[in-house]
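You will see two complexes here that share chain A, one where it goes with chain B and one where it goes with chain C.
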Partner chain A sequence: MAKADAQAGRSSDRQRLISGENVRRILQTQGILIAFILFLVAFSLSSDRFASFDNVSTVFRQVSIIGTIALGVTIVVIGGNLDLSVGSLLSFTTVLVVDLHDKIGPTGAILVMFAAALAVGAVNGLLVGFARLNSLIVTLGMLSAIQGVTLIYTGGQNVDIVDQEGTWFTFFGRDFLLGIAVPTWIFLVLAVALHIVLTRTTFGRRVFAVGGNPTASAFSGVRRARVVFSTYLISAAATGCAALILGSRVMGSQNNVGQGYELLVLAGVILGGTSLLGGSGSIPKTVIGVLILGFIQNGLLLMGYPYYAQWLVTWVVIILAVWLDVASKRGRLFTTTS
Partner chain B sequence: MTPVAHHTQSELDDLKAKAPLLVLDGVTKTFPGVKALDDVSFEVRHGEVHALLGENGAGKSTLMKVLAGNHQAERGQVHLEGEAIRVANPLEAKKRGIVLIHQELSLVPEMTVAENIFLGSLPTTALGIVNWRTLFDRAGRILDQLGCRFAASDKVDRLSIANRQMVEIARALVFTPKVVVFDEPTASLTDAEKVVLFDIIERLKEQDVGIVYISHRMDEIFRLSDRITVLRDGQVSGTLKTAETTEDEVTRLMIGRSLEGRPAAAPGAIGEVALELKGLSCGDLFRDVSFSLRRGEVVGMYGLIGAGRTEIAETIFGLRTPDAGEIRVHGEVVQIASPPDAIRHGIALAPESRKEQGLVLGMSCRDNMSLAQLEGVSATGWLDRGAEQAIYDEYAERLALKSPSWRTPVVNLSGGNQQKVVLGKWLSTRPEILIVDEPTRGIDVGSKSEIHALIRRLAASGIAVLVISSEMPEVLGVSDRILALYHGRLAAEFDAASVTEDALVQAISGM
Partner chain C sequence: MKRTLLASVAASVLLAGPALAETITVGITQNNVGVDSYQTTYEKAFIEAAEADPGVEAVVLDAGGDVARQIGQMQDLIQKEVDVIVIWPTNGQAVVPIVRQAHQKGIPVVVTNSQIADAGQEFIAAFSGPNNIIQGQYSAQMMCDALDGKGQIVQIAGQPGYTTAIERQKGFEDELAKACPDVTILETQPGDWNREKSQRVMENFLTKYDTIDGVYSGDDNMGVGALNAAKAANRADGVIFIGATNFAVGYEAMGRGEYYGSVYQSPVEDAKNALATAKAVVAGEDVPKLNYFDTPKITQDNMKDFDKPVF
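And now, the complex of A and B:
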């Protein structure tokens, strides 16, 4: 009897695709996506330039740096940890790649820069994964440590690439492929790659398991420390990619360019709906979250508001989005027990 | 308040008998993909213990959660003492005197026992500051009343699961309760603690409190209850007077058939030694433990909670490091430093606590089931969804798992069905040595005998099985040999066919 029920449950899965129930489930799970679409429609109605190809591709290009970093951070967060070191790591790696460009050439500069990024990720990963220290503290400490290292490295000076015409290094930040900016390509290709890693590989499954329940994962033979370690390597590598875009676009760097990026990145991740508690979330969600940030900024500028209005609006949007998400899950706006 | 003066005592008793304390009428509740309750009516009288029975996922917990305000029903009414009430949340329910003691514990581990008991209603001084003295005094009195042997100032995370359960019960007694619901309260209690619990229930009964008692243990139900209501697939399949019915009749109402007797052991199938422990010790958890486990054999490990059974299992599985002794697998000494090592040696451990150790609650049933063998379903690092689905389909069927679909997060399954996912996860690794710790905790009688039969079949196919259990009928029914543990030492070893219950009880209590 129970067996028959279980089977009926399984096959009815396929049968009723469009039922009221499924509509409700889609509303509940895709709340952010729907909000995003409504938001786009509202902005396009209020400004005809908003929905133009040029404007949309500008927004994609603008969010590519934050977005690329956010992809890596998403994986750390799903694994149940935080990475606040990405902002100052972005400063450091950008300074490094720009500075070394003229000294050892673009190829060497890029290789050294990625090696440095991975080293930082490895330290984070060792401390959080193997030594089991709290990720907030470790990466917050790393944030200021790298700031220090960057200042020591530059001696407080800004760095520049002198010969900006004669190098292929401009490719990453300034070129276009098939009419789409290279930064956008980097962001989207990395998004697809990491999405595949998260959803199609055993590593991805382990990230979800470790973030969802570390004890049960250990009991299942998942090596938590290794998984966490790898998530930090991914985050650092993604930040390295962002540094490539940033350094190549500006062809120079201040030693604090990445300041505050960690919070913007986290805002994008949360806005997309990845839970800070770990164990749930996705790359497409983060892409949407980051795009929402980008479109708000862009929309407000188009409507003539000063650029700092976006900070306030971003906060409001984050609260609304998270609230919408929680409310749709419990079926009402406020809890009844408070 | 003085009692109503113009009724004689017998008239009052009559009135009480006529007007039930609590009536649930036509309750319907659906979750995505399941109709958990379908037009359920149920009543509890003053001073009555009303047992609620049914298979895993029949809707017992859901019905009680509707009553206690954790869930809102789509249809149906609740009457308390003749008055229609709407309960929007658990606090409101408590204030009306309806208390639910959950199947899954819900304490704050970092806080003291007293704070947990009075959570949400901490006694305060005039200044609004917590009045610690009153808090500890009042909590202490409740604990005394329950006969608990821990202090109100102890931190909850230091307590055993059984003692946490006691705290949960103590919490119910803060509000003068009219209806107390116990959802599988004895799943993790020792026999001594059960006696205390049954005393408490008797006392509540004398105070005219109505009690709903959910359990899968027939002996308790027949010992405690006055009436039994059986739920099946979200519908009431009958309400019976306990005195006028039999276990068999109740079972048939529940699962539509009678249970077969003891699963037949496969005689003569026992082969060479698969696992051997020699002088294994670990701190003061257990000392000098030696035994062997043969292919085709089921060995029961029996002992009180805290005797070191779980710790031995965890050491074999690489979750603890022994100080002395050796572990041999198929005759060779092995170093098992972590669960992956154990899994590589063909060892599986289905752990004791499904919520903490067994499951990633937010993950789907299918993904939980394949978690212990990700290498197995994909040699290359790419997930093989087809292989995962095949595992899920096979074990959902073999264990009669009741889940709306493979993608349902396990957190939405009933307690017993969660346990089945844990079992499925480990059985599907096709281990050579299978250790199951309290395998049928929270599992209904029908599935329980199916799981016992499955364990026997696994053994017959050449697997060595170690069954850890606090339930005597379980160890007696399923094992070939029984190891009795007392205070971290192997006290005695018995042949299951000839041992008496008395001998077992003596061995595990150090006599």
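And now, the complex of A and C:
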């Protein structure tokens, strides 16, 4: 992960390898990991059930939906854009795969669902990449548009899979492999795959380049539009994977099931330290960011705090994480310039 | 955010019945049609009931969950000088001023399904809808029966701030304390009317508590989420699941013997009751302020007497 950060153009830090600086450097690059460990310790001390294998695996499974989406969104954000359409795309793809399951069978349903997701990603990618429109506006509009399509598609009805026992579709949300839930596998395997894509391939380097310095990358022959287009395809595909988990876990869907997920996803990405300005960030840190959100909710609930405490604490944690991130980079808590 | 843009365009159907001299014009502005099956079915039933009635001409509007749009629709209906306005409030507090305006213009207002704030009560002709307090009480009574008056339960409530959620929770808790004080509520968390969220909440409850005898959910959609979680943890056997607003999935789970009971609330009855109340108001009948329609208990024992819910 440090490598990814270094690529973000902070190589000047390398010149200051004095021991005191080293500590600061670790805090600076791994601050989120340290915060995560502190959280786990604090929660473990206050609830004896928190650190149990059952609970930890429950939290991993619970964050897998938001986490899987966040992996794709991380790549979009590193490329210098936003994707707010993922929440309603999750609603749409979940409704689609669940509804088609009983009509054309699970295999066909999954194929059609991914095709639809990629089509949405392609439209986002065309508008942001090739037409160079503002990604906030494009994907916010897409959020409404897909919600509308979902409502028209379902006519407001919930969709359900009727025969819940006799289908292998339960695999994605309810089964276990080697004692670990399949949703967790999907989340972590996709994380590893996208991490490799981002750090070990030409495409990955280009994503950092167009997000960090579009002008320079253009002069070096990187075709921004194509790269951006691809990041939206990845985001849409990741959302499709999340829809598989969600649909299979619930074996049904409401047409607003993903409402608000775009902000939870973004919270996880930001918490992981991916810059909203583009050009820096990493997949493993997004995984940790999402896990922090999941463990906060779970930990506070186990400790018996009411739900509004979760909202408040989540907000405080995000602000603190972002603040510490910014402060460690500039070396002071408050800026002196006004 | 404008996520309901298309929905409201699609749902803003203008219906004109036969314009006989003695027909009355009923204007309705709904909360958010298309966002859930209940509201969709309600709208369909309302339109059908109005079409079937030669004495009624209906102007059917939908606010798409947007308070500002609902206020605009109220102004349009006032301008149009309809005989009565039926409103399904998007927000019980924010619509009070416009309800007062209609009242001052001499147009009676019937509030449907969800109440408006106390400050607006003096400006409305009547309320028509389910009695959520009673529904909560019914669920508590079923829970007492099923557990023989003793046990530990958890509660998954609806979205915080929603009148329906608050009233059901209050009715349930008060009645439970009265009818069977030995049934204790271990903890209450919101499930936000969302099945997946409720599944997550229940997973956490199962981690936290070794013994859970019963689960009360603010609607069946959430109740089935809780059931899913308990089944996945192999802890569903012997647990009493009780919901409210019987959904098709809850009805089916009841049929499989996995779900104990719920409260049967028909959107069709809700719509018919609203139209009947509006007509009675225009006809100058002596209409009571609160017009509840019946929402009976439904359990595995008597479910054959009910049609499977359409939502």
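Points to keep in mind about this one:
One rule holds in what follows: the second predicted complex is superposed on the first by the 315 of 338 C-alpha atoms of A that agree within 3 Å, B and C clash if a C-alpha of one lies under 4 Å from a C-alpha of the other, contacts with A are read in each partner's own complex, and residues count from 1 in each chain.
In the analysis below, contacts are C-beta pairs under 8 Å (C-beta built on N, C-alpha and C of every residue); 3 or more make two chains touch, one makes a residue touch a chain.
The model shown is predicted, which means the values in this text are computed figures rather than measured ones.
In the superposed model, A:Gly156 makes contact with chain C only, not with chain B.
Contact with chain B, but none with chain C, is seen for A:Ser217 once the two complexes are overlaid on the shared chain. Using the contact criterion defined above for the overlaid structures, shared-chain residue A:Thr314 touches neither chain B nor chain C, since it reaches no partner. Within the superposed three-chain model, A:Ser235 lies out of touch with both chain B and chain C [touch as defined at top]. When the two structures are aligned on the shared chain, A:Arg205 is found in touch with chain B, with no touch to chain C. In the superposed model, A:Ser280 makes contact with chain B only, not with chain C.
Overlap of the chain B and chain C interfaces on chain A: none, as no residue is touched by both. By the touch rule above, chain A contacts chain C in their complex via residues 49, 52, 54-55, 58, 61-62, 65, 88, 140, 143-145, 147-149, 151-152, 155-158, 160, 174, 246, 249-252, 254-257, 259, 298, 301-302, 304, 306-308. Chain C meets chain A in the complex at residues 1-7, 10, 33-37, 39-40, 160, 187, 189-190, 194-196, 199-201, 203-204, 207-208, 221, 224-225, 228, 232, 247-249, 310-311. On the chain A side of its complex with chain B, the touching residues are 1-3, 5-7, 9-10, 12-13, 21, 24-25, 200-206, 208-209, 212-213, 215-223, 279-280, 335-337. The touching residues of chain B, when paired with chain A in their complex, are 32-34, 55, 57, 88-91, 233, 255-256, 317, 319, 338-340, 342-343, 349, 351, 356-363, 367, 371-372, 374-375, 378, 381-383, 393, 396-397, 400-407, 425, 446-447.
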